[in-house]
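What follows is a pair of complexes built around chain A, which joins chain B in one and chain C in the other.
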Partner chain A sequence: MEHDPTDPIHQFQINRIVPIQIGDWDFSFTNSALFMVLTVAVTTAFLYYTTRGRGLVPSRGQSITELSYEFTANMLRDAAGTAGMKFFPFVFSIFMFVLVANLFGMVPFFFTVTSHLIVTFALALLVIGVVVGYGFYKHGLKWLMVFVPSGVPGYILPLVVTIEIVSFLSRPVSLSVRLFANMLAGHITLKVFAGFVVSMSALGTLGIIGSILPLLMTIALTALEFLVAALQAYVFAVLTCMYLNDAVHPHH
Partner chain B sequence: MFVTQAYAQDGGTTEQLPSEVHGVQETHHEGSIPASEHGAGFPPFDPEFYPSQILWLAITFGVFYWLLKTVIMPRIGGILENRRDRIALDLEAAERMRSDADEAQAAYEQELTAARNRAHAIATDARESAKADAEKERKRLDAELNDKLDAAQARIAEVKRGALAEVDQIARDVTDTILREVASIEASQDEIASAVSQADR
Partner chain C sequence: MAERKTGSGTGGDRPSGPTSSEPPDAAAWDARRSALEAKLAEHRLRTAAEAQRDSRPGTMQGLAEGLKLGSEFVAGVVVGAAIGYGIDSIAGTMPFGLIVFLMIGFGAGVRNVLRSVSPKREPSANAAEPPSKDFGS
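Right after this comes the complex of A and B.
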């Protein structure tokens, strides 16, 4: 397909690498799938490789691994208490996956897995699914008390419960859209400004001089996008922890 | 719409995935985006690749989760645990060493006190024995001097007695001479002796 090199949407295009068709469903191995595999492979390899020394005094790489491990552990413990620690592998996987997928998106020509709503939505549904599933498994129907805040007068209780339910149901949407929209918007903005540099430079000397401005903007945005990539992974993980807290402690 | 999807995917099993995906696709068919035009429109909202993305996400994330849970996290946890243990052990050892040092210090102090006491005792003994020796010496000298004194006094007495005897003799001779020369009386030696001893009284 012919593409304008400055087209900001082109970077989100999915291409089949290995077409796989099962029944009516297209399960092709795409560039998106490739970067999911890369994310998992690189992250696992990094975590495995840096801890190979099992150093009592950690090396630089081992420090990074240990820091992310303890960072996530503290995040979960603060939000959901010790009882929530059984979800530590889950939260750590989510955090590392989103973080590395986001950061991979910052590499030129790399596909950003998390810039597709369906991926972030699937992750959000997984989180909410775990919350609901564990909540019912652990507390039975009593878990539904999570929608009934204590200390609310009876006459406004129906209203409050309705609001609680609506807010709970909007969680997967807000969780997934926040991450998706941040990554999408950031990458589009970056590409638009970078595109300015290209198209202005084509206009001659004056254009080249003028393109310095969007170039500086692109540099600044790149730094900002690195921040956003890390921050959104953190936000996703923190919200996951807080939602898991509802599964562990339904009475709030 | 999201509610049903949420509960549909909660199972998380791959068998359930197609129906879920189907639901998403249908939603978009009903929605504003003409979904059948592949490659057209905005890629993140293009449902063409939803099944593939969900499947591969499930596979990769599943593998990732499994790897972290079974391999990576026990490894990191082990390292941290090991370090915590080691630190605790080292602290314990340090504590033990400190108590050892304290004990040694106490023993040293005790030893020092004992030694000091012993030294004191030895000094006292020495002083006592020196004092006793001095006393004995003094007594010996005293006795010696007393002996000498006694001897001297005895000699003095003897000399005195001898002198007195000579004085008697001289007195008798003087008396005899006086009687003979002055009074011309011839007195016997016995009479003179008794007269002198009477006058001596």
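Right after this comes the complex of A and C.
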């Protein structure tokens, strides 16, 4: 199907690159999968090659790696304490994956992995799964006390516990929807304004002059989108740390 | 500790007035010292507040906070409604589960927002002492 070049949704389309069909399931290698692989590969390669020199005085690349390490480590230590540091590899992986995937989305013609709800939801489920799994593994059934705030009178306890459980269940939803919605909305807005430039400049001289305005807007939005890309990765990682804190220290 | 030292030091630095009448009454010295202490405390508070405000990377933090709170509230409501709807379609009690769990979802949304705006617990202290945390915060 030929597509309109200004169609803002077209960029989110999933295309099969290598069709794989196993039984009734479609395991095709899509453009989304390709960019996930690229994200992981680029991140790994970057981290590996920048730290290979292990300079006492870090080179530029090594500084970036060290800064992101320190940043994530401080974030995790602030939120979950020293006991939470065993989750550092997990949090760092998630942070770098989301960050690089978001920034990849800013490259023209690249696919934005995190603009699909299922990807971010899978990440959020992974986080919550780790929280629940580690909580039960470490504290056993006592971990369920995370749902029982102390100092609540007995007669409203059922209500409070229900609210706490619903609140806990809403975490993966808010975590994933926030990241997905930000990336989706940002890219659509960007595309819509860029599309204005195209369609207005088709209207002749006046249109070309007028198209300067959406062009300026597109430039401003691009800067904003870079901010949002980094910010949402940060927020995702911070919330991951906070949720992990519940697994490590379940007592409110 | 620090303010006492600074207080007496500043008192010593100002020679003419008090030193000329060196052994007046201790009460006057005490009054001066407490006044100075109060002034110092106020100054320290102000600089601390300023430092805190400056350390925050302005818009970035605010934007993140706003988006976070909004989505957390909505997520609570949506999840509550979904649970209610699920219970209804299993148990066949059509509107009631939805109604009840929508309200609980609102509660959960408010709880989410409260949790994220309440001042952070100190994690290092948290690890050591079993903290008693009241519901609201």
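Points worth noting:
The working rule: the second predicted complex is superposed on the first by the 252 of 252 C-alpha atoms of A that agree within 3 Å, B and C clash if a C-alpha of one lies under 4 Å from a C-alpha of the other, contacts with A are read in each partner's own complex, and residues count from 1 in each chain.
Following the convention adopted for this analysis, contacts are C-beta pairs under 8 Å (C-beta built on N, C-alpha and C of every residue); 3 or more make two chains touch, one makes a residue touch a chain.
These numbers were taken from a predicted model, which means no experiment stands behind them.
Aligning the shared chain A places chain B and chain C next to each other free of steric conflict.
Legend: residue contacts after superposition of the two complexes on their common chain; A:162 is shown touching chain C, with no touch to chain B.
Touch criterion not met for A:95: it reaches neither chain B nor chain C. Touch criterion not met for A:87: it reaches neither chain B nor chain C. Using the contact criterion defined above for the overlaid structures, shared-chain residue A:196 touches neither chain B nor chain C, since it reaches no partner.
After overlaying the two complexes on the shared chain, residue contacts for A:236 are found with neither chain B nor chain C.
Of the two partner chains, chain C is the only one that A:151 touches; chain B does not reach it. When the shared chain is aligned, no partner comes close enough to touch A:134: not chain B, not chain C.
In the superposed model, the angle subtended at the C-alpha centre of chain A by the C-alpha centres of chain B and chain C comes to 60 degrees, rounded to the nearest 10.
Once chain A of one complex is fitted onto chain A of the other, the partner contacts of A:173 extend to both chain B and chain C. Touching more residues of chain A than its counterpart among chain B and chain C is B.
For the pair chain B and chain C, the least inter-chain C-alpha distance in the overlaid model is 7 Å. Shared interface residues of chain A (contacting chain B in one complex, chain C in the other): 169-170, 173.
Interface residues of chain B facing chain A in the complex, by the touch rule stated above, are 2-3, 5-7, 9-12, 18, 21, 24, 39, 42-46, 48-58, 60-61, 63-65, 67-69, 71-73, 75-80, 82-83, 86.
Against chain B, in their complex, chain A makes its touches with residues 1, 9, 12-14, 20, 23, 25-30, 32-33, 36-37, 39-40, 43-44, 47-48, 51, 54-56, 58, 62, 65-66, 69-70, 88-90, 92-93, 96-97, 113, 115-119, 122-123, 125-126, 128-129, 132-133, 169-170, 172-173, 180, 184. Touching chain C in their complex are the following residues of chain A: 77-84, 149-152, 159-160, 162-164, 166-167, 169-171, 173-174, 177-178, 181-182, 227, 231, 234-235, 239, 245, 249, 251-252. The residues of chain C lying in touch with chain A in their complex are 60, 63-64, 67-68, 71-72, 74-76, 78-80, 83, 101, 104-105, 107-109, 111-112, 115, 120, 123-124, 126-127, 130-135.
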